Amino acid sequence: MKKKFNLNRRSFLKNSAALTGAFAFGVPSIIRAEPKSWVMASSFPLTGPFAAAGSMGLKDYLDWVEMTNSTGGIAGKKIKPVYDDSAYVPSKSLANFKKAMSADDKPVFYGGDSTGFMKLVTPELNRTPVLCGGTSFSSELADPKTHPYQFISGPTYNSMFDILLQHIKSKGGKKLAFIYSDTEFGKDPIEHGVSKAKSLGIDVVLKEITKPAGAEIMTHISSLRRADPEYAILHGYVTGVWPQIIGGARKAKMSTKFLGTFWGMEKIIADAVTKQSGPFLEGYAGVTPYRYFYEAKEAPSYGKFFAFLKSKYGDEFPGYVSTWSVQIMFTYEIAKLAIEKTVNADKEVNAKNLVESLEAIKNWDSGGYMGKPVSIENHAIAQGRVYSYKTSNGLFLPISDWITT
Amino acid sequence: MVFFFLSLIGLQLKLDNFCGGVFLAPPQKDRLILLKVSNLNVYYHRVIQALRGVSFEISDGEIVSLLGSNGAGKSTALNAISNILSFQNGEISEGKIEFNGTTTFGKSANNLVKLGMAYVREGRKIFSDLTVNENLIAASYALKKTVKKNDFEQVYDLFKPLASRRKEIAGYLSGGEQQMLAFGRALIGNPKLLLMDEPSLGLAPVMVEEIFNIISKINKDLNTTILLVEQNANLAFKFSDYIYIIESGKIVIEGKVDKLQQDSDVQEFYLGVGNKNYKSYRDIKHYKRRKRWLS
Amino acid sequence: MFDPIFLIENSITGLFSGGIYALIGLGVVFIFRATKVFNFAHGAVMMFGAYFYLTFSEILISFGSPNWLIFLISLPLTFTASALLGMIIEKFLMRPMMGQHPFPLIMITIGLISVLEGAAAMIWTPAAQYPKPLFPLNIDFIGSLAINRQMLFSFILAIIIFLIISILFVRSRSGVAIRATATDQSTAALMGINVSGVFSLSWIIACVTGSLAGILLAPLNSLTPTLGIVGLSVISVVILGGLDSIIGVLIAAFIIGWVESMASHFFGGQYKEIVPYIIVLLIIIIKPHGLMGTRQIDRL
Amino acid sequence: MIIGNYKSNYNSDESFFGDWPNKFAFILLCLLLVLIPFISSGYVIFLFTQVAVFIIAIVGLNILTGYTGLVSLGHGALVGVGAYATAILQSQFNLDFYINIPLSIFITSLVGVFFGLPSLRIRGLYLTISTLAASFIIIFILRNWNSLTGGDSGLILDPIEIFGIKIISENNKYFFIVPLAILSILFAQNLFRTRIGRAFIAIRDADLSAEIIGVNIVKFKLMAFGLGAAYAGLAGSLWAYNFLAILPSQFELHLSILFLAALVVGGSAQTLGPVFGAFFVVIIPELLKWAMGFLTPLNPTIMEYTAPANSFVYGILIIVFMIFEPMGIASIWSRFWNYVGRWPFSP
């Protein structure tokens, strides 16, 4: 009797191992009833370097959910939004993900908020599969083999660079500089961009790494002046750095044309910069896969959302929704489409079937989000358009057609 | 009834006179008591008791010495009076200190300086990377309204060697000069009370004699009251008016210099006078016992 | 491809940023000398100063004041607010620990980094902001050499303030009091120096110079609650200078600014951030007391 | 202030657990830990596992900072070294976990000793700054050695496999990591009954005096660095197997500060300090999130305040504990039990 209770360390280990064997692996998974609502969970960078984009995105996303629910939700069921702050820290996003996944009603879709998270979550997704999209356009994710449950709601950064390079080529540009932030996001397409530029016969004369925020502009301007490119692509920034670099270059009397990628193409930032420091952003151009919100005439989806916001907020609604929010909403639109397709095909709504439906999206009319019909290839949508900023009216206006790669 | 009380008071007064006349020494000096310490208890780190109910008082114009061996609590007493115990993680748990009629509690060290208390610490503690003049400026910091240029000159007059080296870094002065600087710093602004902690420490015998001459000069010329802490009892007896002897945090003997000098215990323990022909441990046993009793 | 003008340009940029590093480092040294506390939170204090300035200037801009009035009013207000911040930190965080081992105090300054960053993010949101620069960005050309007028003026201002403060430190009575306190706190108290007053004063000076550095730095970079990281890399300046030497800081700031700039010139932008720390490690191993520091201060 | 060791005989001084209630509490705790996975959700188990990883790391920091008095601001980076060592060994050499983990521990402890080398010349503040610099340098290497560390995008690992069971579910990870955490606490507890541990304490309290009485401080300081780093290595290794993917940004300075905060709040130089500390730093963000959850219906973007509030609260806790309770929660805990133990005669 006495011996039985003598739990020393070794027997503790042995017993716990035995217990583990008995319970942890043996408990059958509980078969759950169909959920009452679609839980769509996501992390938002409400704090940290991209907080401005995150909080704006969250507000618009919640409005989008409200609108969608008011028109019947997805396949007759309402959407239940679950969200948490990640501070743009991948491990915090991952904790949020785990929290969402261990809740009683599991999400059918998870919206991640950074490339780092998309990377961290990959092994986790193999264990608890769920359809996963997000704000990352990392080229690495566009591979159904290594990242079977993740998709990109737009072109990869590589494709964006392809589009920009084609644009430069068509304008007859010869000398090009890459200026990018010292982040995963910034470094992502550089290698591809260099080789692509080479194949198009464009000379990449400078690859300049900067801090993602608070970069020392003068140093970079100096290098840019030395290299003196005709075009410079700014990549890997959201709110900061890119306007200062353009401003610095203009002050240094440079005539280099600057091009940006999606996250650095926000009208709100461009307007604020113009208001504060003058109209030097004139002619700044860049690639974006989505229409701007003020092009609502060509986009029925935008029109619907505009009407909803107008009725909800009245005069408080400024009439513009940021591209960041549009990106998040479009990601959810795709998830919504995948769920609808799965339900219509009368299949169980699980990650595997959702991915199948996702991959089956071909020539879908996105309701104006994108100009060309949407086809998902390699879990990404490779199209975009080059827009250029006009300081006189504060609008990004298209200077190219919709380009697919 | 009223009469009865009045008579009681009268009796009381009479008794006082009577006792004072017969048992106590008659009050010789009618000078005011400048510093009064009563029942002082000090702890370090809240656990080590350094002073156990120390009481003493100093009259205006006197030189009073606090004698005792290492670790008896002399410096602690001075630190408590000047309120810098907090820098050594010590605190006063009980007791009262009155300086010039008001309590010192609640006044920070620098405020006490303004009230006329100065302290020359053991080991001089000059600001070694400031110049001589800057040392004096630092000392006059709190007294900037009252200190005049000629206060500096007064110090340089008193300590001639300093005058020629006023622009030099104090750390390069000799030991004696550093002690002079320490004195000079304390004398800026003519303090009422000067506390001194072992001014003779680490100086050549010639210097010691000189330092003590300066002390008595300060006392006479500037009419500064001095509380001196010393280990060197002979010197203390030579220069003081009144002596307190402190052992293990308690005052064990006190008295005027001439009286104490007659005391056999004091002679034996502190002045090194007495029967030196001890042959065995038994001979000095009484000594140990006596000393224990004293403390 | 060797391009001498490019090299000169980058060297000048490095030296200019050295001027601001000196101003930041000054605060760290001041506090260290007076209180023996190494203030890891100095960068965060600087960031707070920049936010104060942002707030005051935004308020004034909203009233439509002219530029010169904005500077004239919001600068003194910022300095007052920063001084208050310094006093509060000293009074409530440092004073209760007076006379103790410096390690807990250093831990408190590390905690202070989190507190200030969190507070700034809660008050002013974590999004990057662009406060109105004291000197707007302008690039002048000397031949083909480009000089950033904003940095030049910031540099001149930083150096002027640095020199004023360090001359006061040597010449003024308060300077003597601070130096006396640095040598021996309790003796200084016995000389009639108000030691806690000196502590307050050194914190105030550090916070005010820090806020000025923040105001100069924020438009060059952008203003986010993590601006304080720049302050962390200034550790290298302070260590190279010798931790308690004001002249040392000035020299070290130029060296570090220049070396950083050269690292970014020859190896690429990302090396700039790591250079200060490599320098720190090397100095600590080779010459712990830095260029001009007191030799015996290797004890915590 | 601890001023003595109140043991009355050698046996009690040498004993592993203080007394029978201590031993009983330990057994009870172990039982409770076995039960936890069966009564809580996956997220709670995940949090427990994370606490366990933190505990291991903080025990290492406790040896270095708490017991030996060498304040390190680079512990987070060392955890990163452990994690990367594990991931690289697995991806490059395809080693099994039972070789991989010890090897990672060894590598990390070598790195730790290397960055402890300045301690031969310097002490105190300078040492703290050198660990800070080391932390930045390590992270820089992790971020920029693309071919080996995968740069900013980090590395992905395969899960551990024991007897054909993949340690991938939350439960399995829990049962793999928590026992290791308990073992490492016990090992550290044991360390301070030995010559080495006491030498560490001697170095902390008075390094010169320790040298004079014959403690080889160079050797023991390096040993403290090595041991502290070894714990960091184990924590990093488990961290990698717990997340199965690692990024350099996870191990930056904020992690080191988090560990220090945990140690201070938990109670440095005490066995239970790291345990309380780790629980604290994991639970506080959860509590804040929970509190913010109540407020979100009012304003969905109120969550913007969660992360700053988090960092604010950590900072405040460090400061408050340093000023009012420098020995941390562990000391409150032991005071509480002393009080209970002596009741009704307790003061």
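Here the chain labels run A, B, C and D in written order, and each chain numbers its own residues starting at 1.
Everything below uses one rule, namely that contacts are C-beta pairs under 8 Å (C-beta built on N, C-alpha and C of every residue); 3 or more make two chains touch, one makes a residue touch a chain.
These numbers come from a predicted model, not from an experiment.
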item: Steps in the shortest chain-to-chain touch route ending at chain B and beginning at chain A; value: 2
item: Longest centre-to-centre distance from chain D, chain (CA-based); value: B
item: Chain centre separation (chain A, chain C; CA means) in Å; value: 38
item: Between chain C and chain D, centroid-to-centroid distance (C-alpha), Å; value: 33
item: Whole-Å separation of chain centres (CA-atom averages), chain B against chain C; value: 46
item: Overlap residues in chain B, where contacts from two or more other chains coincide; value: none
item: Multi-partner residues of chain D (at least 2 other chains); value: 304, 307-308
item: Numbers and ranges of chain C residues touching at least 2 other chains; value: 121, 125-126, 270, 273
item: Residues of chain C that touch chain A when the two form their complex; value: 3, 6, 9-10, 13, 16-17, 121, 125-128, 130, 136-139, 141, 146, 148, 151, 220-222, 224, 226-227, 230, 261, 264-265, 268-270, 272-273
item: Contacting residues of chain C [partner chain D, same complex]; value: 38, 93, 96-97, 102-104, 106-108, 110-122, 125-126, 225, 232, 235-236, 239, 270, 273-274, 277-278, 280-281, 284-285, 288, 298-300
item: Residues of chain A that touch chain D when the two form their complex; value: 7, 9, 12-13, 15-17, 19-20, 23-25, 44, 46-48, 51, 55, 58-59, 62, 83-85, 87, 89-92, 94-95, 98-99, 101-103, 115-116, 119-124, 126-127, 138, 140, 183-184, 187
item: Chain C to chain B touching residues, read off their complex; value: 98-100, 173, 176-177, 179-180, 183-197, 294
item: Residues of chain A defined as touching chain C within the complex; value: 47-49, 51-52, 182, 208-211, 213-223, 225-226, 239-241, 244, 247-248, 251-253, 276-277
